[in-house]
Each structure stands twice: as C-alpha cells, then as structure tokens.
Amino acid sequence: MQRLSRTAIAARVAKDIPEGAYVNLGIGLPTRVADFLPIERDIFLHSENGILGMGPAPAEDDVNWELINAGKQPVTLLAGGSFFHHGDSFAMIRGGHIDICVLGAFQVSVTGDLANWHTGAADAIPAVGGAMDLAIGAKRVMVMMELQTKSGESKLVETCSYPLTGVACVSRVYTDLAVFDVGPAGASVVEMVDGLTLDALQDMTQLDLKWAQGQ
Amino acid sequence: MISGFGDAGVPNELIDALVEGGATDLTVICNNAGAGETGIAALMKANRVRRIICSFPRQATSHHFDARYRAGEIELELVPQGNLAARIQAAGAGFGAIYTPTGFGTLLAEGKETREIEGRNYVLEYPIHADFALIKARTGDRWGNLVYSKAARNFAPIMAMAAKCTIAQVSETVSLGSLDPELVITPGIFVQKIVECAGPSSAVRKEETCSA
Amino acid sequence: MQRLSRTAIAARVAKDIPEGAYVNLGIGLPTRVADFLPIERDIFLHSENGILGMGPAPAEDDVNWELINAGKQPVTLLAGGSFFHHGDSFAMIRGGHIDICVLGAFQVSVTGDLANWHTGAADAIPAVGGAMDLAIGAKRVMVMMELQTKSGESKLVETCSYPLTGVACVSRVYTDLAVFDVGPAGASVVEMVDGLTLDALQDMTQLDLKWAQGQ
Amino acid sequence: MISGFGDAGVPNELIDALVEGGATDLTVICNNAGAGETGIAALMKANRVRRIICSFPRQATSHHFDARYRAGEIELELVPQGNLAARIQAAGAGFGAIYTPTGFGTLLAEGKETREIEGRNYVLEYPIHADFALIKARTGDRWGNLVYSKAARNFAPIMAMAAKCTIAQVSETVSLGSLDPELVITPGIFVQKIVECAGPSSAVRKEETCSA
C-alpha cells in the first residue's frame, strides 16, 4: 500500500475542481492545489485579503509586496482579476459566493465538524484568521490532511476533541490513504489507495465506514 | 431585483425581455415602482407583478402602479431606502439579520422586534434575497467584471451580490484585462450572465449556470 | 410683520451651514438652499443616490440623465466629487457621517419628532424614500417649512398627529415667521421676523415658548 | 484602528509618529499584532498597547506581541477575520448589531447571544467603533478622496468609515479632479486628515476638525 504524498493529495483535490469555479485555497498545504489546476480550465482563485483572479507566484525580480496572498506570499494577478476591501471580500465568503474552499485540518468529524485553528493547548497563542468564515461560508468545503497523526491516531473522528472551527461544514476529506464524504449521514469512503481494504481503514479510524453511494 | 433610481440605471432591455418572456406572479425588489410606459411600468401594465418591495412607488407618472395598487392587484411592502439597501447588502454578505436605527418608532416598524443598544433604539430587519437580479452597467468583460456610469450605479452593485443569478446588461464589453483591477466595482463572481445591448442588437458575453 | 418667502427661508438656512460641512438637501424646497451657499465656502453636497460633491444644474444642452439628484433632476459633479453605490451612500447617512440634513415637514414636535412622509390619509399611496434614514442619520437635522398650514394651524406642535418619520431627530426648524430650536427641553425661539412678538407666536402655535439660550 | 494585512497597507510612518507622540494605554484594532521590529511591532515593543482586537496575532516574527501577551501585559480579543470586517462595517454604517453565521458553535462565540433564523444559526455581534483610524493609501486629494494599491487596500476603506477621525498617509497627492470620480474608493467624507509621506519628508494635505 502506497500512501499519497502531500503533493499527490493536492493533485487529487485539483481533479475535483470544475471549470468556472470560484475557489479559496487555505494557507499552507491547500495553496499547493493551485499548481495542479489545469490551465485550460477557467478557475478563479480568491484570496481573502481582497483579490479575485489570483495568478501564480511572480519571478523573483518581479515581487510586489502589496500583491500578496492570505499566507503573505507574493502572487500575481491574472487579466480579469480585481481588488476589493475586506468587507466585500468576506461578503464573498460569508454570502455563499465562493464555490469551493480547501482547508487543512487537525480533525474532521464524520458529520463534517472542522477543527483547524487551535490545538487547545493552554499556553498556545490563539490565532484564527479567516478560517471560521471560510469554514461556514463556502458552498463546498474540502479538507486535505494526512489521515493519521504522527502517533497513528485518526484525524477523521466521531467527535472532534480539538476546539471547533465550524459545525457541520465540511463535505469531503482528502487524505493520503482515502477520500471520504462526511455529513449528516456520517462518513463514507469515495476511494482509497491500492492495497487498502475497508476493514483496514475501519481499523485505523475506529469508525464505522461504508462505501459512498455509486462507488 | 431590478436596479435603478428614477430612470438612471434601469435595465430597460432586460425588463422588455422579461415582459416578452411571459414570467408572471413576480415579486419585484426595486427602489421605484415604475414611471411612464417603459421599464418597470411596462411590467406593471402587463400585470406581471404580484408583490413589490420598494421605498418610493409614487411618482408623477407612476399611473400603472397606482392603478394596480388601488385595484388591490399588487401587494406593496414599503421599506425605507436605506433599510432596503441594508437588507439587500445583508443578503449578499450572509447575515441573518441586522439592527438598524431607521424607522424606529414609525408605522414602518410596527410589529417588528426592537432593541435598545448603547442607549439607542434599533429595529430588527431581515435580509432580502432574490432569485434573479437584473442590472445595468456601462462596461463589462467576459469574467463578468462591471463598471458603471455616474449615478446610474445606485443599487446595481449590491443587488448583484444578493441574487442567485445576476444578469447584467452592458453598453459595451471589453477584452479581459482592459478594465483596471483597481476600478472594477462589481467583481465577476457576482455576475452570472452579461448581455451587451447596443442599440437594437444584443449579444451574450458571459453565460454561467445559475442555481436560481 | 413681513413673512419670509420660501426663497428667503432657504437663504436663512444657508447662513447656518458652515465651511467644510457635508450636507444632504432633501428633495423639494430644501434643494433651493444650494442656491444660497457662498461659493467661497467648501461645502460638500451629498445625494443619497450615490453622489458626493454635487454641483449646480447643468446647462440645458449638457444634461446627462445618469447624473441626477435624489429628486431625479439633472445635476453636475464638482472636481473632487465621487460616485458610490446605495449601500455606501446610506452608510454615510446612517453612520453619522453627514453633518447636516435639511428636510421639509408636515409637522415637527417640540421634542424634535418629525412627520414628513405620509399624511395618514387612508387612500394615499405611501412613499418614504430616504426620509427616515436621513431623519435619524445626519448629525444635525434642520427642517424648513411654513409655520402654519393654509388653514392657519401650527405645524410646530406639542405632539405630531401625522405618522412619524423619526423620533427626537430634528434640532432646528426654520419657518417664514421664526427659527426654533427643538429637543428634549422643548421648543425655544432663536429669532423671529420684525414686528412679531413672543406672545403672538405663542398664540399662533398654542405652545409654551421661551427664547433660546443666549438670544 | 490600523489598516494592513501582513505588511501590505500598514501605515508605518503614522505608527512611528504615534510611538514618538507618546500615546499609551491604547486599544488597537487591526488584523495582525505586528511582526518584526517596525509598525505595530514597534508599538508593542514600546508597551503602548493595553488591548488588541485582531484575528491573527501569531506570526513567525510576532515576538514583541508574544512576549507582552505571555507576560499578561496585553489583553487579546480574538475575532474571526470576517467578523472583524463585519463589525467594523457595522460601526461605519450605523447598525446596532448583526447576526453573523461565523463562529457559531465555537469557543469564540462562547457566552454570546445566538439565534436560529430560517434554519441557520447565527451569533449576535456588536459594532467596533474607534476614535482614530490610521490608514495607508496610494493617492489622495485635498478633499480626502483616496485610491489604494492592489492588496494593500484590505481594511483601510472600512476602517475609514468606522472612526471618528481618520488619518491617511498617502504616497502622493494630486490636484482636485485628477482622480476619476468612478474610481474613488474612499470618498473624502470618511477622511479627516491626509499626510503625504514621500521618503523622509511629509506634508499635511487635508486637515479637518475631529470630534475624537
């Protein structure tokens, strides 16, 4: 059984982003999804700091520090892109205008609760950014993460033990071992890597899993 | 939703198409209720409107609305102009409700929930969503980005944000990248269809699937 | 005793509008105040349909029907003016950014209640426009009106009998016979036309009036 | 209030002047809590901030904030970024409160009033007003009209609307009428003072009395 690399997970997520979608890619790992979006598809990348139609990173000698993404990395603007203030930017998010948001996670519950902003550690300095807005605002929230922590615990869980970012907001989870749908009906498996079985996956996650409809 | 204030910014060609299309029992959200014979007045004349949400229905030549209203054929929800704008914005921005000071203590707040906050009185008002917004802009591109002309801007940008499907008529379309990204007033994410109306001809410039 | 003409009332209001003020002039009579604002003062006229820095009416051959005021009359834009949408325009009003609003009225109460949108007649088609927003939003609301109805009843009243536009929102009332301050302490007379006495004014209005502080 | 997202749009020269001016016990409303040694970090270093309302205080080089926070010398109100924007906008637009869906069911909504509206859950959030907004723009004129540069726009336009006194630093000033009236992002009504900061020199371009 071959686990997917982080890059391979990003590529897998990109496959599910259709022509014409307005997409926000969370800071960190999800940003890599952009590298796998086919050039022939018109896909509109949104950055919550006021950019629509974000393009790839600029050449090193063409960096403009007033043109950065939400992760504070320099980006470019495609022809047709636009700038707007934070009020309008979060109206896009909260108002349901963003089709897809891809986020990382500490934990996702089988009903789609998301925990990705706070480990709950007493001495941690908390920071939330736009995570809570993105979690509940986008039409479809996808999570990408490794299925297990370093110590082997499943990050797909019955109930999140970390503080929540949003309630019942995630619809699909992409991991190094399998892709899951989550929601009111619980978790179901959309696909898994070769050599893995549903039984083995249930064992790893300690969850009652079934195949998704039509798989 | 139909943009416009007085005659400025009213998408007359789209409304004509709506009349031709035969849609009926409409709820119209618009500042005015039409004047003269064209635009919203034509919708009134053809008796397509069951309900209107607006701030200023009565105008010197609003006779088509006046007649329907007096005949009890049209339901009127009168909303102060700023609350109309605020409720449209609340829909576009995903709020559940807002406390606004406008209208407190008046007939238009009767029966509505109120609350005193920091010594001032507010009325609870709910968002106004729409299936369709018909708006008018000066220039657009194929991504749906729009810029407007003078005071014809009025309600169009906020209506575009509050409808499931926004259809914009524009006087001209330009190639992608021609609009200054600092100047785009309505980013294309809020616009699902663009129709260029130049004189008698028209052409579709953006066509996106709508959930409305 | 010489009553002020409507034009003279407009001129009187204009005297009280200071340099640097952001001002909204209601439709109808208040619009005439603009004609008496001294050119040497920087005064910024706001129109609720999305204009700041409104100038005078254009020449007849220079009319643009996309550049109209709230009364749907053609206007011009001064250098330094700007356009914005209805959301921002009413944020200016409701958010307390407009310094002065001048409105007409059917009635004003001694505590500053305003009635100017509806006669209460059963068969009237109601229309409110921006009146209720302007009434409670501007930092200072001035009313201009004739003091009496055609049948001689005072329009400055103890309690409004017409439906209200706003509660305790007016601070000053300019009429053809006198200027009044209104508010929590009741009505007081700021000035009156030559030949009128406080007694006569009390008689006309059936109100208990005093001189304003410092008059 | 201080504009900026990361380093983009932070009015560093105005903050330097604030540090020099000696103001203390400040409540700062800003997306971040400063990074490195300049800007808001300089305010933190000089221990001028008693309380900060922000969405993302922790950054790789936010050591000045981190130290004050761990020492219990600064109070932190953590607000989701969109709620921060919405509460600033509510202040600017005169609303008493808003029902927002963001944060429902999380730690950041603990103790707050909630309501179910049309089947969705919302948290009641109150406006954030400020005495002063320090913002940065690209170009201004003597009426206070502003345009911005790219993603450095971020919070500046909405903060300008929410403060009693907005002070803008601009890279250049132009004569009245040079800015396209369709392109003005912040109309001058929201800006009380403009300071042109070009290299080492600075000059006041608008000076209006403030009630703050």
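Order of writing sets the labels: A, B, C and D. Residues in every chain begin at 1.
Here is the rule we use: a contact is a pair of C-beta atoms (placed from the backbone, for glycine too) under 8 Å apart; a residue touches a chain by one contact, two chains touch by 3 or more.
Everything numeric here is computed off the predicted structure, so don't read it as measured data.
Listed by label, the chains touching chain A and chain C alike are B, D. In terms of C-beta pairs in contact, the better-connected of the chain pairs A-D and A-B is A-D.
For chain A, the chain whose average C-alpha position is most distant is C.
Chain A and chain D have Cα centroids lying 28 Å from one another.
Rounded to whole angstrom units, the spacing between the C-alpha centres of chain B and chain D is 32. The distance from the centre of chain C to the centre of chain D, with each centre set as the mean of the Cα atoms, comes to 35 Å. The set of chain B residues that touch two or more partner chains comprises 86, 89, 93-95, 100-101, 148-150, 181-182, 185.
Shared interface positions of chain C, defined as residues touching 2 or more other chains, are 77, 83-84, 87, 90, 93-94, 137. If you check each pair of chains against the touch rule, the ones that pass are A-B, A-D, B-C, B-D, C-D. Listed in rising order, the residues of chain B touching chain D in the complex are 86, 90, 93-101, 115, 117-118, 120, 122, 126, 147-150, 180-183, 185. On the chain C side of its complex with chain D, the touching residues are 20, 22, 44, 46, 52-53, 77, 79-84, 87-88, 90-98, 137. Across the interface of their complex, chain D is touched by residues 47-51, 64-68, 72, 77, 83-87, 89-90, 93-94, 118, 123, 125-133, 136-137, 163-167 of chain A. Partner chain A is touched in their complex by these residues of chain D: 5-9, 31, 55-58, 66, 69-70, 76, 78-86, 88-89, 100-108, 121, 148-158, 185.
Taken together, the chain B residues at the contact with chain A in this complex read 89, 91-95, 141-143, 145, 161, 176-177, 179, 181-182, 184, 187-190, 208-209.
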